[in-house]
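Look for subunit A in each of the two complexes below; its partner is subunit B in the first and subunit C in the second.
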Partner chain A sequence: MSIQSEARGPPSGSRGPYWFGLFWPAPSVSWQMAFFVAPLCLLVAITFWKVANFQLSADFTTANWVSMYSAGYFWDAFLYTLFLAAVTTVLISIIAFPCAYALAFKVSPATRRLGVFFLLTPFFTSFIVRVYSWQVILSNDGILNSGFGAVGLGPFNMLNNSFSTIVGFFTLAFPLVILLHLLSLSNVDRSIIEAAHNLRCGRVMTVFLIIVPAARVGLTLAACFAFLLSFGEYLSPSLLGGSRPPTLSVLLVDTVKSGNHWPKASVIAITMIVTLTLILFAAVKFAYHKSPGADRD
Partner chain B sequence: MIDRLINGLFRVYILLAILFILMPILTLVVFSFNINRHPRLPWSEFSFIWYEAMWNDPAMQSGFVNSLIVAACVAVIATFIGFCTAYLDYRFRFRGKIAILAIFFMPPTIPIVILGMVFLVYLAKIGLFGELYSVVIGHVAYCAPFAMALVRMRLAQMDENLEAAAWNLGASEWTTIREIIIPFTRPAIIAALFLTMAVSFDEYMIAWFVSGLNETLPARILAVLQGQVTPQINAVGSVVFVISISLVLVAQFVLLVRRPQGSR
Partner chain C sequence: MKNHGNKSNRKGIARRDVLKGGAAVAAAATTSMFLPRYGSAQDGVLNLLAWPGWGHPDTVGPFEAKHGVKVQVKEYAGGEPMLALANSSPPGTFDVILTDAEYVQMLRAGDLIVELDPNDYPFEDYWPNYQRFPLHWDGDTLYSVMVRFGYLGLSYNMEQYTPKQLTSYSALWEEGAAGKVGFFDWYLPSMGCLSLYNGNKSPFDIDEEAFGKLRETMNSLAPQVAGYYSYANTYSSLANGQVWLIPGIGEWLTLGLRKDGVPVNTHIPDEGGIQWTESFSIARGAQSPELANEFIKWMASPEGQVRCALRPGNETGIASKKGWEKLNADHPVEAEWLRMRLDKRNMMDEWNEGKIVIRRLPFQQTIEDWTQAWAEMKSV
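Let's look at the complex of A and B:
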């Protein structure tokens, strides 16, 4: 690999290898090779290995792929995961947008900063603990239901179903999506909004005809993140959703932890990665495709 | 009139969204001080018993110490790698850079349940499974991109002529790193240390898969949640929350307070 310093490099008269230039890629490349790329390669290789007498041995068999892909429960989990992630993505996008819109256009800069602070807070605080907290809030003798009970309602069954799973996904992705929406809305040129108003485009029409198209790239990327996060999430479907029906992540963990069958688990993992890659690739293509007049950089 | 009504409605909407986001955290803290075994309304009586129970639980103690050790190691290694990669991106142009950066930023985009499994299989295969350093190995690739992003943003604020001036005055490239680049990026480096520490301290899935018997605190919490839950978890969660929010606040504080000094 030949590493060139940019034009503004120092005057150099020395011969021999350019040690300074070779140093900087070394940490990341060596670490990523040893502890990221190699593990991923092993993951692919292991799908062709076989398990006999609880022992894993190198082989070249397609048995794991065949047995996984011909299992009905695998496709059930696959479709359920896709369904949950898609519903979550749509709901989060719809619910987050007015919030980001209000933060971007309807409040003072000070309020906006405070809002952003509250949106950032959960980002780096224990997700597992927040999921547990939802369990406490949603359970049958939990906080919401004891509140409902006090006014003579319920109890409502809010735990161990798709609803609670989606609440978990929201906990993970909702703040991030609002932030991304806010970011893309603040990049929208204010003058085109004023122009629309001057041309007597109504408030609601302006949002849908001017603002949403102008912010399309950012909105789509936010939706991608929502999908990515909820597609592979494990705690919500297992601790809030009760693992029934299982999502791919639940199936993966069960196959590793109880089934102890790593090759089959690897098949699930690779299927998840490939699915995500395809869907995100399509979404990004959609975002940048014939984006009307929004061709920045 | 109608404008005011609409603005008011938007404010209520923002408040509701933030309430949804903060609700689990608030619930957790409030009920960690509740004496009742079952967290429900009405709130019964103020007490520290769950904190005492946590304090006296040996599994929680060792989990806490393990988490701190892992987080500290991860912070140092991930920040070092992140710093090198940020400077690489800032200073050099070469074929394959895009590929290196793409792979570098990949780990956080892969579902952590898959990362956990990938590291379990790999580390078990090469005989590095079940120790604290296994968790460190699993966390570094995941955390380094955060450190890289912080340092890279700081480098983007730097006047390019600073480096050139140092070279013209006879400083070698290494000296320039020591005397110009590191002092200039110090706030970002410190912030990256705290942020990667926070990310590692909260990470549960990779830790759960690869730590074996040397559980970190989040791995311990996950194990408890899958078995017999006691309100002690509320207390543990509150403590974990306070620690990670402090780390993040320190990171933000360092970045914001030190910024005016360097930028022109």
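Let's look at the complex of A and C:
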């Protein structure tokens, strides 16, 4: 046995540290088992159950999978949800980065603290209140259209479409993504930036060749959060997007509302979970992969 | 009798039995684990399963004061969510269930409501056509007592449309309505009105060919639609001018908004409108059936009926003629708003003219067929 592998096992002659090492992770592992793994297993099981007279009963039928996966509207909702989440992720990442960059490198520590404070304040208000506020702002008789009307423009239809849905997604994810960007940019080693400048690398090139690769893990995880939050969000597509066309989350709620069909809703939920898992795996692989030649030094 | 191959007997409890039992426990737990605890009559609580707004003090306050109880409401929006809640809740969760007439028979079939004694209720005070409302009875057995009704047609923005422009549901397809048509996200009344537009005199009793045509009609309208709204959002979308036309809703929504100064109204096009009704039943296993019965009796009385008619934000018609008389005497202005003046053309005239059909569940297709068609329309 190698020295490395010995180091992972319990030390010989004393069992104390080994049990000590198991004790501390136990609550979080138990929590995950009880409130994630077990419900997930139940969710998978429910996809094979049936509903009769609005009552759920245990069974083993693949009818729910066949019914949902053969429905055109399910795939329409799937692709639309994927599209909205992808567009939101790209837009948020592009817009959030300069904000986080400025906060990380261009402003004084006091201004940075103030910026972080303002980025946290939206979370003090319930998300549903913020979504309803957007209705007041975006509606035909709303604040924005009143402003446009004053200068002879509009009214512009800004509710019940993809635009308003993405506005809702931005409201949810944008501050968080800036904060995650800020966190990762703050950890970039300043000496490599100075080295790049000393080697006559321009400011823009330094951002793309030095800072972004150095902060890649954090930036990718921030994008993951933007995608994850947008993909499963319900309030924005229903209250701002008018459920037209429905996203998977809207379809899931509709499926439960119309007939108490938890099994079909579970099929949608499992599809969403699997999709997100695959995308997260791909993102993590991208974030942590070593570029060719990275180990040469 | 010889027991052939009964593994349970041979080996005690078989693995399959354990799995079945586990699944049954999980099913029961899944359907009830998230339900809140409800109070009981002993706690001074009457549990009511109802549409939103029924717990308002203006509506149930006098009853609460008289009996020293609190009416606690679990709200739903739509018949299917009501059935889901009623089915998945343990017996005793609710004392009284408010339901639309078409769901009474499903509640009865599920053994979720109990028989009522017709002599307990003042049906002699009711309008003749509501004294024995067909969907509330099974033969001579009464299961539900009607309290309110209204008509569903085409609700509109009065600054954009006049009733003369809305003689047909075809107004929904006109160019000027593009992106200004909304729907209350409930398949039954929405599809019912479009079925009327297709010329189906019994809009919910249609054969497969007519159902296929209805789906075509729905999908052809979909590009005009701005959104499909929840209960609260239907109010706001019409109030803030986001949509100008909503088929399948009625004065239950537009009257309250109009009283608040929003220019909206409801018109019944020439193809006809749909009647909705609300009625009270006593839940099977109610913790206090006597109190539940008292509640229904009070709601059916002239005083209760007036309060039903004037329920804040949701004023509408009532079934008791004595209730109409009291409303005319005590609240003449509101009676005018509600088109319930006894000395003028009123809601009963529209019924008598034959333009209105009672809302029913689909006859020749399943509920799932209709909800699937609704889901398809929403994704167009």
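Simple rule for what comes next: the second predicted complex is superposed on the first by the 249 of 297 C-alpha atoms of A that agree within 3 Å, B and C clash if a C-alpha of one lies under 4 Å from a C-alpha of the other, contacts with A are read in each partner's own complex, and residues count from 1 in each chain.
The rule is short, and it goes like this: a residue touches a chain if its C-beta (ideal position, glycine included) is under 8 Å from a C-beta of that chain, and two chains touch if they have at least 3 such contacts.
All of these numbers come straight from a predicted model, not from anything done at the bench.
With both structures placed on the common chain, the touch criterion links A:Phe281 to neither subunit B nor subunit C. By the touch criterion defined above, A:Asp141 reaches both subunit B and subunit C. When both complexes are overlaid on chain A, the residue A:Tyr69 reaches neither subunit B nor subunit C.
Of the two partner chains, subunit B and subunit C are each touched by A:Leu239. Touch criterion met: A:Cys99 reaches subunit B, while subunit C stays clear of it. A simple residue count on subunit A separates subunit B from subunit C, and the partner touching more is B.
Of the two partner chains, neither subunit B nor subunit C is touched by A:Phe208. In the superposed model, A:Ile273 makes contact with subunit B only, not with subunit C. After overlaying the two complexes on the shared chain, residue contacts for A:Ala150 are found with subunit B alone; subunit C is out of touch.
When both complexes are overlaid on chain A, the residue A:Ala38 reaches subunit B alone and has no touch with subunit C.
Subunit A uses residues 42, 46, 136, 141-142, 238-239, 256, 262 to touch subunit B in one structure and subunit C in the other.
Across the complex, subunit A meets subunit B through its residues 1-6, 8-11, 20-21, 23-29, 31-32, 35-40, 42-43, 46, 95-96, 98-99, 101-103, 106-107, 115, 118-122, 124-134, 136-137, 141-143, 146-147, 150, 170-171, 174-175, 178, 228, 231-235, 238-239, 249, 252-253, 256, 262, 265-266, 269, 272-273, 276. Interface residues of subunit B facing subunit A in the complex, by the touch rule stated above, are 6-7, 10-11, 13-14, 17-18, 20-25, 27-28, 31, 38-42, 80-81, 84-85, 87-88, 91-96, 100, 103-104, 106-107, 109-114, 117-122, 125, 137-138, 140-141, 144, 160, 163-164, 167, 172-174, 176, 195, 198-199, 202, 204-205, 209, 218, 221-222, 225-226, 229, 233-234, 236-237, 240-241, 244-245, 247-248.
Residue ranges on subunit A touching subunit C, taken from their complex, read 42, 45-46, 49, 53-58, 71-73, 76-77, 135-136, 139-142, 157, 159-160, 238-239, 241-246, 251, 254, 256-262.
Of all the residues in subunit C, the ones that touch subunit A in their complex are 20, 23-24, 26-27, 30-31, 78, 80-81, 83-84, 86-88, 106, 109-110, 179, 182, 185, 187, 225-230, 233, 236-237, 240-242, 367-368, 371-372, 374-376, 378-380.
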